[in-house]
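Here come two complexes built around chain A, the first alongside chain B, the second alongside chain C.
Our next item is the complex of A and B:
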């Protein structure tokens, strides 16, 4: 991180080599176009450079920190660009084989994500996907589906308790 | 809002599924409640894991080079800035604060003039409240604790998301020995934007979002200026200001990037 903080070329290249594909995938799956995914990737690494001094390895993995930056930037964009059609969400357990290399920490996180999502019912999974990956509020989901807001809230709460429990004791939550 | 009520909404808070005003209420609670903040942090880390569930996609071969260029450009811009001595940094910071206070004074004065015609009593109460906020801020600047060399100020400007959508300034004071402060001034809002008031002003870090306050119709003067200020337990890491309208749309954003130590350097 010291190298990134200094804007060292090798440090930036090394960070991109480890996490570039991960961040690009986040942008592509959430925003739907290669152009948007490329912009998001550049924004994430620029933000990481600006905030490098504030990364605290005792509070979480570097990969999670970068993905949180990416998710925040992507959701901001989703909410700014209302009315723009978004791609069908494709999750890692829905594709037969994921080509390309990822570092071990990413694979561990990916396993944790799959474990978390598989602990959910189909309805909970769809609900979590719409709020977390689409940036929809509970009220928007309730209005779209024509169901009581209280029901959406209860289901989201239940789902997140399961997500947390799925990885308890594995050093991820 | 008590802890039980807040905890019922923490899952939605972690997923970003709360309405803006509800998220703000939770943020205010989290700012002072360590137990709920711990719970919120655990849920936030759990939700962050979900991002890894997205199917991988191969980026273009030259994206790494473009990422490097973007960072190199930012590094070069930083390095081109004149290097300030600690004393000069302090003077710049104090001058910026003074300028901001002057703007605040003018802004509040105009607001007060408009209100006087409506209700002397309400205007007087608001004036006392506003003046009290400025006084507290000035007291803080003049306090002995403010000389702590670990105090820092972060300044930034707010840019509209659409051309002609006004502008703004933001100031965050981070101190290990006294309360932290966030102060946001929005001005030059065009008349048509009154229809989308109140504006919700938030400040964000990687770990979450805090509500600074709402700027209502009553708090806007004729020139389209309004101010919010809030004290927090800890604003370290909060570096982005987001202003949303009544519909939840982002109308203004800004980064708090200008950083300056405020203490007088040792001889």
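Our next item is the complex of A and C:
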């Protein structure tokens, strides 16, 4: 992060090598076009560069910080582009084979994320996907799916608690 | 303040998922600005939810970015490349609905920021005001005051605003003839953004003070030593 603060080329390259594909993939799945994903990726790394001093490693991992920035920027964009055609969500089915050394940690995280999602009921997983991956509010989900708003909020809460418990084994939450 | 544990969890889960709207979003704003900073259990819950929410992003099918993306990023990060000024926040988040995402604002007295529609209108008005040739933009600590002659309101806008220490909050006052008027409190959202429309006529006041204050400190005047002035007067004077 110190290198990033100084605008060090190698630091930027290293950060991008580790997380660039991840952020780009998130952007592509949430926003639906390669152009939007590229813009989002650039914005995430620019934000990280400008605010590197605010990253507190005692409160979370770098990947968490970057993904939070990416998700917030993507949701902001989804919500201001009214009428945007929300892309079909594609969750990874299995861990890709032949990982490179640089990607190993990311693949472990991906595996954990998929396992955490699998700990949810179908109804919870559907709500989490609509909220996190499609940027829908609880009210929008309730109206779209014909579910009482209170039920949506309760299920989202229970889903988050389950996912958090599923991640406790990682010693991260 | 809310003391229903399940309700707090529900609001914090909705906050990190960005699924809140309307009254829930306002309630979460208050919770995050007034309760969470001083509550260890809620901070742990919030941190835990943020970790697992961010980790959900790992579940998407990987897509390889174009080879041209890294060189473009490098060009933008060059030391002499112009950085976005705070006012470019308006360009970045120009869509009115995006203002809903500015969380962590405390509504108090003449700071009106709890209603999404009001925020959206205010954001558009602020962008128009900032674009005027006679607009005044003054740095006040971590934020920028934006006003213009003849306008009976002004805005505080910031990007990259650091969160205050736990149990503290940014507090705003206006000063006239030595009399301080408490305006309200604010916290930046998780991306460090601040946007506050303030319905006071800045031309009727001598100064604007912002201070990092303990949440439970009296609002009569700044009690901390970490404060900023827009016009150069001092709280101690």
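FYI, the second predicted complex is superposed on the first by the 162 of 173 C-alpha atoms of A that agree within 3 Å, B and C clash if a C-alpha of one lies under 4 Å from a C-alpha of the other, contacts with A are read in each partner's own complex, and residues count from 1 in each chain.
Basically, a contact is a pair of C-beta atoms (placed from the backbone, for glycine too) under 8 Å apart; a residue touches a chain by one contact, two chains touch by 3 or more.
Note that the structure is predicted; figures quoted are calculated from it, not measured.
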* **Fit or clash - chain C, chain B, common chain A** => clash
* Could you say whether A:41 touches chain B, chain C, both of them, or neither, answering first, second, both or neither? => both
* Examine A:69 and indicate which partner it touches, taking first as chain B and second as chain C; both and neither are also allowed. => both
* Asked: For A:81, is the partner it touches chain B (first), chain C (second), both, or none of the two (neither)?
  -> second
* To do: Look at A:51 in the shared chain and tell me whether it touches chain B only, chain C only, both, or neither; answer first, second, both or neither.
  => both
* Asked: Which chain A residues contact chain B in one complex and chain C in the other?
  -> 7, 9, 12-13, 16, 20-22, 24-26, 28-29, 34, 37-38, 41-42, 45-46, 49-51, 54, 60, 63-65, 67-72, 75-76, 79-80, 82, 89-92, 106, 109-110, 112-114, 116-117, 128, 131-133, 135-139, 141, 153, 156-157, 159-161, 163-164, 167, 172-173
* **Contacting residues of chain B [partner chain A, same complex]** => 8-9, 11-12, 14-19, 42-43, 45-60, 63-64, 66-68, 70-72, 74-75, 78, 161, 204, 206, 236-237, 239, 242, 248-250, 255, 257
* Sort out for me which residues of chain A touch chain C in the complex. => 7, 9, 12-13, 16, 20-22, 24-26, 28-29, 34, 37-38, 41-43, 45-47, 49-51, 54, 59-61, 63-65, 67-73, 75-77, 79-82, 89-92, 96, 106, 109-110, 112-114, 116-117, 128, 131-133, 135-141, 153-154, 156-157, 159-161, 163-164, 167, 172-173
* Structure fact -> In their shared complex, chain A is touched by residues of chain C numbered 6, 9-10, 13-14, 16-22, 24, 47-66, 69-70, 72-74, 76-79, 83-84, 92-98, 100-101, 160, 162-163, 190-192
* Parts of chain A lying in touch with chain B, wherever the complex brings them together -> 6-7, 9, 12-13, 16-17, 20-22, 24-26, 28-30, 34, 37-38, 41-42, 45-46, 49-51, 54, 60, 63-65, 67-72, 75-76, 79-80, 82, 89-95, 98-100, 102, 106, 109-110, 112-114, 116-117, 128, 131-133, 135-139, 141, 153, 156-157, 159-161, 163-164, 167, 172-173
